[in-house]
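There are two complexes below, and they share chain A, which is joined by chain B in the first and by chain C in the second.
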Partner chain A sequence: MTSPHLVFQSLVLGVLLGGLYALLAAGLTLYFGVMRVVMIAHSAFLILAAYLAWWFHDRTGIDPLLSLAVTVPLFFVAGVLMQRLLIRRLSPVTLTMMSVLLTFAIALVIEGLLGYVFSGTQRRVQLGYSGSSFEVLGARVAVVKLIAFGLAVVALLGLYLLLKRSRLGQALRATIQHRDAAALVGIDTDRVAGYGFGLGLATAAVGGTALALDSTIYPSLHWHWIGPLMAIIVVGGLGSVPGAAIAAMALGILQSLLQLEMGTTWAQTVFYVALFATLMVRPQGFFGGRLAQRF
Partner chain B sequence: MASDHLLELVDIQAGYGRAAMVLRGLTVRVPPASVVCLVGPNGAGKSTVLKVASGLLRPRSGRILVDGVDVTGQTPQQMLRSGLAHVLQGHSVFREMTVAENVLLGAYSVRDRSVVAERVAAVQKLFPVVAERWDALAGLLSGGQQKQVEFARSLMVSPKVVLLDEPSMGLDPKTTSIVFEQVVRMRDAGVAVLIVEQNARRALETADIGCVLDLGRVHLSGPAPELLADRRLGEIYLGGRPVTTVPEER
Partner chain C sequence: MQSSRSRLRLAAGVGICALLMSACSAVDTASSDEADAGGEGTSDPITIGVSLPLTGDFSEPGKGVQRGYEAWVKIVNDSGGLLGRQVELKVLDDQSNADRVVADYESLIAQDKVDLVFGPFSTRLVVPSARVAKEYGMLFVEPAGAAAEVFEQGFDNLFYAAPAVANDHYNYLAEHILAMPEGERPKTVAYAAMDDPFAQGTAYGLKDKLEAGGIKTVADEVYPPNTTDFSSIAAKIADANADMLVGGSQYQDAVNLIVALQQLDYQPKMAAFSTAPTNPEFSKAIGDKTEGILSPTGYTTAADYPSNVEFVEKYTEQFGNPPSEDEANAYTTGQVVAAAVKAVGCAEQGDCQQKLIDWLRGNTVDTVVGPLSWDEAGRPQAAHLIQQYVDRKIQIVLPEDQKEADFLYPKPAW
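So, the complex of A and B:
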């Protein structure tokens, strides 16, 4: 029998992990909401950002968190360019399907480049505070995990405020809800879609830095992430940012709790079980359909 | 450059992708402060005319003039600035936003806040339901109310011409009457209206000028009351029931 103490410890770790899932899933669902694009390369960009954070630290010795100042704007611009130069060339009729192929290819290219430039060796950021932790009500919390969680929360909050309060956010939400009507009130929906893509990649930049703080990274690590993230956005309802965040948190906690009994490998299956269950019971996802447009 | 017509579509050819042309040399003219109605059977190209006029669909050939100025090939954003507002077929409110957000998004391209405030007051006066349901989620309004929110949204740019695509679609007869009354009020407020309707009889009763569309061209056009009285039109497009009396205009 698992002790209550261990359960609480797992719960805390689950919340911390769920925060990171939530941020990454929010980005992934945004591509789909704005453009109906399935972005397989999202997690490849995540790993790319993690590598950049590691490389930055390795070269300069400065805290990898500071690499965010470069990677976030860089990824935003990369996202805008990717939408303008590649995604927009896909035919609107087969966009969703072809976007899977296109972004799959991009993921392979990124993985290949990472292997070529940094080799397949596993990398890990070593920081002064890497090993430190503190206790909350009997649970051990690693400082790096807390920082990663904090980053995710701040980024998610920023994304929420941007969507809710800013002019760009208004335009993005209008484009998600009715693309033609948005164009007819004077919104340049193509440009807005590009910015949406940039925002999605920016979440990958933040997530990657957070990941680099407490994980060992290697070029093919992104395959490990994309499955759970895809499952999360389907469970949450494709296109729904709050749905993605809530499903991510719930599944992150569940995964962490199941690890106690089943070990890490089997606990991972919780995402796929949740995916199949959702498709059987509520195929539009728990915040899908019309709810997907609500913020 | 002034012109006798606010909007002119001249000899337009247009279609979708590689499919056959939908519009084949269509010409329509909208004079100031008038309601022009396009009627015709399904697939005649009625909605396509409006998509071409608002820039959603680029014509293959032909010219579009707004107030005498050539605007052919412009994007929807530019067309809006030229003074063309388009209300789409079916429901096109931003459902998960409030009525307020919808109406204010109509003024997305207007930066001057005092101008926006003035126009909000004006559309609230024109469409009382917009003021009454200001903070409600637009998707929760009835079909007729949503239509009026869409009208209000389109008027926020102070357009010269409003393009209305099947405004009565999906509405019950009573709501349809309200919507057509609003069309008349828009015209009386100084906006020209180009309207496309399946409900040909009802639309022609409201319109000043009617155009009968078939196979991508205008087959017949003239003052709406005359068209209503025209036997040919009655037999072909108004449900095979010839109109015998000219209804009183407006």
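So, the complex of A and C:
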């Protein structure tokens, strides 16, 4: 019944989707790694960035990708401030649990403000190349999806190099591995945590813009995203950026292929099936290592 | 910019409310004087209770329905009221929540003792609120709730104030396709419908008719309402390469699906979507690729029914832009109830309600969407017009006698 052509097309779509998932999930795993914060508002920031990209395009007519020049630094600063002013005030003992409440509230505030400012009307960035595509080995590859994928690759590669090569990256990884030990060797873990949070939100700016290129956005859209993204970072191992990327890619491809046989409704459950399976078989996730074992 | 405009709109809305209220109370005293002089009947205003989703998921259409009701109240009061009494609207916000809507109608009927009730927006809220109205024996005319399930709950007090139920939305299109010469008409159809009683009802109503006419179904996809990525569904539809595509859609799903299909370079000869194409935001989202897209609609400002001409003119005067379908259906609700009240000569809780119900059961009412009559379950007995994007404008193409443009077939590439 299912033609090889359709399977290949779905595989291509799955890879593109997986790339987007990886980008959207990267920040989420970073917050948890650095600070043990469950950031429910991550997807709300994604939608906020998507709205800013749409608004920028709507007002100026310039390609929404250029809005990144403003939103990335803006979100980085917002992340640092959010960590300094709000997250840090939570008691360390109940940090993880209380961060759920706090960030849930932030998500609601963002959703409400978006609705107030931009109204509930569903928006879409309309570009000359929205519907354009080209053919690769018989499969159609949409230009906007490829751009989103490219953004994901660049952002994740940048994040990876930053974590591996820079002093800040070393400090961040040390903080992820063992906060107290990192403090003992002279790392200002509070400051590092702030930067970590800023970096996470900066990825949300990139992810939200990528999202805006090829989807219709509305203020409450973030609720549809947070579940799958949470599942991805648990499967990938909390705190592991490469783990999240690999899990995102695997689940994206799986979802796309399952849709052929099972339909959209059941294919969506792949995230939660993977979540349950991970918790039963390997609760620390597949790439999380020591960090997640403590939880 | 955007925010200041919406603030302005808010301020304007508040201003209109204030004006309406002062106008009501001013006329109120005048009419009571008159009634005292005449010494007959009651002079109290007729209060109408309604709960609407002014916030939450349905806030956009909910506000549209509110504007429609307000326009009706203003037009009725300006022409002397109902039974010589002024009409007053009492609106509560149910936050798009089915529990709230039940509590709202309970309190409107039992505590506020409203004389009449109007329905809320959306099937999900119409069903629970109609149940409350039924318990109190109240007439329940509603502006939204076209899905089949609304009429299968055994409500004997419910009337849907629009031309047709969801399954009949595409009737004119089905007739048109089946009347085409065998060689020209689409031979295969792909369906994609949201898992929602209304959206699915529209697509499957057409599917039943086309299948009965011998037109083959080659794809039938159902997706949950929270679906945002349509690339895989689009891949399956493109692979089936049907002559015609039918979307049982709301809004974002249709837009996302259309763009995903363009990306896969699938070009159907005919494409129809419910609801989405009539949304003003649609052509902004799709750009110049809308040509030939079809959509059923229950209302057009261009219809020359006498009350519609008055409605469009006065509505535009009141709100600054012409009404759309939600506003029109709300206004129709008012017209239907008013017709019954005038004919029966009463508007209060108690026996009067049953008389109103019985009257509507047996009569036809002239409204802004044309003459309406109902079957015993409250299903209206008319059909939806079919609109199509022709020359970048959405225009009526079916039925023949009401068309603004010729039916465009095959559809140009998107």
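In this section, the second predicted complex is superposed on the first by the 289 of 295 C-alpha atoms of A that agree within 3 Å, B and C clash if a C-alpha of one lies under 4 Å from a C-alpha of the other, contacts with A are read in each partner's own complex, and residues count from 1 in each chain.
Assume a contact is a pair of C-beta atoms (placed from the backbone, for glycine too) under 8 Å apart; a residue touches a chain by one contact, two chains touch by 3 or more.
Source: prediction; values computed, not measured.
Using the contact criterion defined above for the overlaid structures, shared-chain residue A:L6 touches chain C, although it does not reach chain B. Of the two partner chains, neither chain B nor chain C is touched by A:G138. Contacts of A:Q170 after superposition: chain B is touched, whereas chain C is not reached.
When the two complexes are overlaid on their common chain A, residue A:T121 makes contact with chain C while staying clear of chain B. By the touch criterion defined above, A:D180 lies against chain B but remains apart from chain C after alignment on the C-alpha atoms of chain A. In the superposed three-chain model, the partner touching more residues of chain A is C, compared with the other of chain B and chain C. In the superposition on chain A, none of the residues of chain A is touched both by chain B in one structure and by chain C in the other.
The touching residues of chain C, when paired with chain A in their complex, are 1-3, 6, 57, 59-60, 195, 221-224, 226-229, 231-233, 235-236, 238-239, 251-252, 255-256, 259-260, 262-265, 281, 284-287, 289, 414. Touching chain A in their complex are the following residues of chain B: 54, 56, 75-77, 80-81, 85-86, 88, 92-97, 101, 105-106, 108-109, 139, 153-154, 156-157.
Per the touch definition, chain A reaches chain C in the complex via residues 3, 5-6, 9-10, 13, 16-17, 55, 59, 115-124, 126, 128, 130-133, 140, 142, 144-145, 214-216, 218, 220-221, 224, 255-256, 259-260, 263-265, 267-268. Listing the residues of chain A that touch chain B in their complex gives 170-171, 173-174, 177-178, 180-188, 290, 293-295.
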